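The two complexes that follow have chain A in common; it is paired with chain B in the first and with chain C in the second.
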Partner chain A sequence: MDEKNQTTGAPAASEADVLLDVQDLKVSYHTYAGVVQSVRGVSFSLEPGGTLAIVGESGCGKSVSAKAIMGLVKDPGVVDPQSHIVFKGRDTATFTKEDWRSYKGGSASMIFQEALSALDPTTRVGKQITEAILAHEKVSKEEAKKRAIELLHEVGIPEPERRFKQFPHELSGGMRQRVMISIAFACNPELLICDEPTTALDVTIQDQILSEIREMQRRHGTAVIMITHDMGVVADIARDMVVMYSGLIVERGSVADIFAHPRHPYTKALLAAVPRVDQSRSDELAAIQGTPPDLINPPTGCPFCTRCPYRMDVCTKAMPSETDFGSGHRASCWLHDERSPRVDEVIQAASEEGGAR
Partner chain B sequence: MVKYALKRFATMIVMLFIVATATFFMLAAVPGDALTERTARLPEDVAARVYARYGLDKPAPERYVITMRGLVVGDFGESIVFPGQTVQSVIAEKGPISLRLGFQQVILGVGIGLILGVIATVRKNTWVDYGIIAFSILMVSVPTLVFGLLLQQVFAGTLGWFPVIGWPSGDELMFGGWEYTVLPTLAGSFGYMAMYARLLKASMSDVLGQDYILAAEARGLSKGQIVRRHMIRNAAIPIVTKLPMTIAMCLTGSFYIETIFAIPGLGRYYIQAISGRDVTMVMGFTVVIAAMYMVVIFLTDILYHVVDPRIQLAGKTSR
Partner chain C sequence: MSDSATQPILSVKHMSKFFPMGRGSQLKAVDDVSFDIMPGESLGVAGESGCGKSTCGRCVLGLYELTAGEVLFRGKDISKMSRAEKTAFRREAQMVFQDPFASLDPRMTVADIVGEGIDVHHLAKNHDERTKMIYSYLRMVGLNEEQASRFPHEFSGGQRQRVGIARAMAVDPSFLVLDEPISALDVSIQAQVVNLLVKLRRERDLAMLFISHDLSMLRYISDRIAVMYLGMLVEIGPSEELCENPAHPYTKALLASVPIPDPVAEAERVAGGVKLTGEVTSPVDPPEGCRFCSRCPFATDRCRTETPQLAEVSPGHFCACHLHG
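Right after this comes the complex of A and B.
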């Protein structure tokens, strides 16, 4: 990977080839139980046309990060004022209401996990596409309708004229997600955030939807952030990935590097949990023991220490810093600290054990 | 659609029959009748003639057959308490009064209720919201009877802005004579205000948390567009089901309000008929009211389908 394509390294790349630069993003939710620190300082960047996967289990803050980038964090959620989300060199914190409106759905759009709940049940699908077009461009209603039908055709919906007039409940699950894709691409966005777009679909449809997203991305030159917990999706679509755990990025790098040499015990465990075709049916599926930490009182040390098989004393006491493994591959784990004992053996053994394939 | 309507119509006939039968036998089971007091001091043969005039001398099963036969052709019979009055004549005379009162109450109550509901949603978790909810709880908790008397005391008594009792009649029956209608309308509308404010707030809050609202925002729609295009229609579903019932309720008149403000409406008459054991009138009114409710429920079901296309009417094949 050459320097120009690096999307996950430190946000140091020159502004020209960075589409989105997220720095120290913190989001918290004020609840009766206390302040839930959903995202606790996340930084990454994305170049125009690039694809980044954000991976992690439920509640790790990946969806909240996506919402923050889209400006959709709602009360009781609060984005820390020290956070910076810089889109094409402009900090979204300086956006006016009008800027936000042209950004949402215009420059940046989002595909949601469940198309059924993300489409208004009482509005015809066609209208939901045209209103996205009409919100951003000065075109006539007929023109918008023509464009919408073209879009439906483009995402592989047969009989687009008929589908245009139908209600969401009259479409199949895959078709609904295609409608969501056509809404997302209605105004040629430069950034598309997909929040687990295939989780609610069955496997064959998942594949079709992913190819549709990839195809649309290629055609429109859109940069994609793919939020998922499915390693198969990551391998399929992304070039770079970040692994999130309890509101923090624990590992980042190219998908190839991370799949080949996962450096963080959590990444290793995630990869080991992927079911394999050659696995015997009697074998139990690998799982990560324990539960993620409480984000109302996050641990002072490494958040994964309670579930980590390689825990050391220091892990419970202090946050590890990022270790660079070259070409943008970094992980935050004490095992890679130079003061840590027999790092190489532990990692080697772990790689063989976790990724023995 | 036609098949569905026919099916519903058949069900309505059966239900009306059951309502009429139940009402008849319940009334027949009550000891004493409308003539007991009137004939108490009359000689026996005169009393018997009075009974015969109203057909109350016949045994219950026979009266049942006569009554049901009358219902089929729309002849409910003559009032026992007020000679010469029939159900039709009473409805024609008192119906417009209750109708106007009810409509004014519903328009004011539902209108203000919906506005309050929207405000409470938009200003959620502020003192405005809390204030509206506190007001609603107070309004549903206090009986209309108390409101009526309080309003009379303050605005008609102490301040003297409005007449204490009475209702416009003659030319002003349906329009005009507003000073008489203000207090009764107000007293009866508080309950609707409270009910609709809370109903709309609940359904708006529910809709607000839905993904499609977030998705609409992510599409770049303005707040106003989201409210108009996506929130109102979805939040209207529970309102639409409640509204026809409210209208039906207002048409049948409100006993307390009509009594306190001495309004000669249907609600007061119905209660008087019941306490006077005016069997024919009670039967007639009950059947008419039941029929009206059934039609309203039928219309509600159709309205449901109009606002929410997901709801399919039975008998119609989906997709």
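Right after this comes the complex of A and C.
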């Protein structure tokens, strides 16, 4: 329980225990239609070897946050200068070109959703792995090749010597994702960001890839940030999670706590919206009516209020602050404010009125 | 003629669809598949990519010419229908596509998209009635009248899928083929669309062929589930029975690979269960015998030589596996 505190608590107590500390991250994109505020002040931290899931719908800012951590936000995107991304005690804003070079792909690496577009179609997969090794370490080409073949073997690719010479198009989706994983682990990263690594894959392959990532993480002691919209994947791999909605974190805590007692109406709805394969169910699925707000003109109040069944007047007017439920579990919702009516009564009344939709 | 309540609305008999791949090889997308769908029944088709589930959906609507076998709609072979019968069939059987971005004409307004079927089948007597019908179908799927004059690009993914459903429903069909209708949508929006489909089915007594790779959703939405592997039907049965007591090793493995949104149950799933190794082999010139045998932990020599046939393992629950043969 105590270690969970450190991972999800906003400012970490001692720097030595923190691998990554993100403080008030804001990212905006300047488009013709206006300034899209994709990430609007996100803070979280991650300890070495920990696993954090970032959950949310498309457009909630989860991928943009990951890109910002990797220093991949490109024009027209702008990371707010007040934001702090601190990796092992050093703010990435102070990184020199050399620092970035050893950070990207060295101490921190990333796996993308579309392995086919992330890999170079004209380069043999072996070369793409050795390239990563040679860019970061002073080893001979032969040594790099040996390491690459070992890595391919490690992620469960049969006949690694033959695969080493093949092009990405000759591999299946699952194999490509395994190649991505071996590139990501080529330089023993301390941080791995996985951006929906299994969304494009079949369930049986997803299962294999998840256990591959789990195994590699265990072996290399890597900290993992898993970005996903699939609550099943969260339950599978992560110990801690943050739930994002329209560029903000609405709930954070350990996976066990949040799944057992979701505190934010959005988290509740997300958990109730999916049927389970291991349970029969005949009631209506809890659909969240409406769509997320426009991030060019984000609402002043709680961003979820237009879709929330428990909406109160205050929700449309002001942002709620985070309420602490102990052991790092926090949610930003007016229902938990001490001035609010008792939460249980409100929920009870709403569900009697015609269902928690 | 038998009573229409007991006669299947769709009957698929030994349906095969092979695509020539040149030099005499064949891609066996659907190989000797048979099943029935009763009026008002929802049959889910599950399987990994490349198992032939989408081809199956297209074949039953007559969008592909069959290599062998037949598809009977209300007892009539769809390939031998007269022109008038075919027109009636095209009205009664409709399709909802996976990609709500690619399946709607970007240059047509929503009213015209929904109204096209009404025009083709002359379902409205005059322009006013047509407009009224379009509005009522839009309302039925949760869109409003002001949105009728808009174009597809003005809608979100979930709304577009609603337009796709309204278009299919506008000709008052009795059978719908839904090809992965929710997989392009966000979780919260998926639930909206699924609830809409459940409601429509209840109100209009629609029969459905629901194609999806998402077993959790299939268990929720369909009466029966058919599991396909490399073009063959390996198991079919009532949804609850099939998910609780899967008979085929492939179905077992498929069910065991779905992550469960509950940390405790998920830890148990990861610790135990049948794990599937390897990947789907190529459907081009597949080997004799059971198609699954290269990945099956229970494969014997018999599996490699002899193709298993569907056999009943419990009432209404069939499985094609030598373990149950």
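Some points to look at:
The rule is simple: the second predicted complex is superposed on the first by the 333 of 357 C-alpha atoms of A that agree within 3 Å, B and C clash if a C-alpha of one lies under 4 Å from a C-alpha of the other, contacts with A are read in each partner's own complex, and residues count from 1 in each chain.
Rule of thumb we're sticking to: a contact is a pair of C-beta atoms (placed from the backbone, for glycine too) under 8 Å apart; a residue touches a chain by one contact, two chains touch by 3 or more.
From a predicted model like this one, the values you see are computed outputs, not experimental measurements.
Overlaying the two complexes via chain A leaves chain B and chain C side by side, clear of any clash.
Once the two complexes are overlaid on the shared chain, A:270 sits against chain C while remaining clear of chain B. Judged by the number of chain A residues each one touches, C leads among chain B and chain C. Contacts of A:211 after superposition on the shared chain: chain C is touched, whereas chain B is not. Contacts of A:135 after superposition: chain B is touched, whereas chain C is not reached. With both structures placed on the common chain, the touch criterion links A:70 to chain B but leaves chain C unconnected. Applying the stated contact rule after C-alpha superposition, one finds that A:121 touches chain B and leaves chain C untouched.
The angle formed at chain A by the C-alpha centres of chain B and chain C is 70 degrees to the nearest 10.
Superposing the two structures on chain A brings chain B to within 9 Å of chain C, judged by their nearest Cα atoms. Put simply, chain A touches chain B in their complex at residues 67, 70, 72, 74-75, 101-106, 109-110, 112, 114, 117-123, 128, 131-132, 135-136, 167, 169-170, 180, 183, 186-187. The touching residues of chain A, when paired with chain C in their complex, are 57-58, 172, 174-175, 202-208, 210-211, 229-236, 255-256, 259, 269-271, 273-278, 280-281, 284-289, 291. Within the complex formed with chain A, the residues of chain B that make contact are 125, 210-212, 214-222, 225, 229-230, 233-234, 307-310, 319. Across the complex, chain C meets chain A through its residues 48-49, 156, 158, 186-192, 194-195, 198, 213, 215-217, 219-220, 240, 243-244, 253-266, 269-270, 275-277, 279-280.
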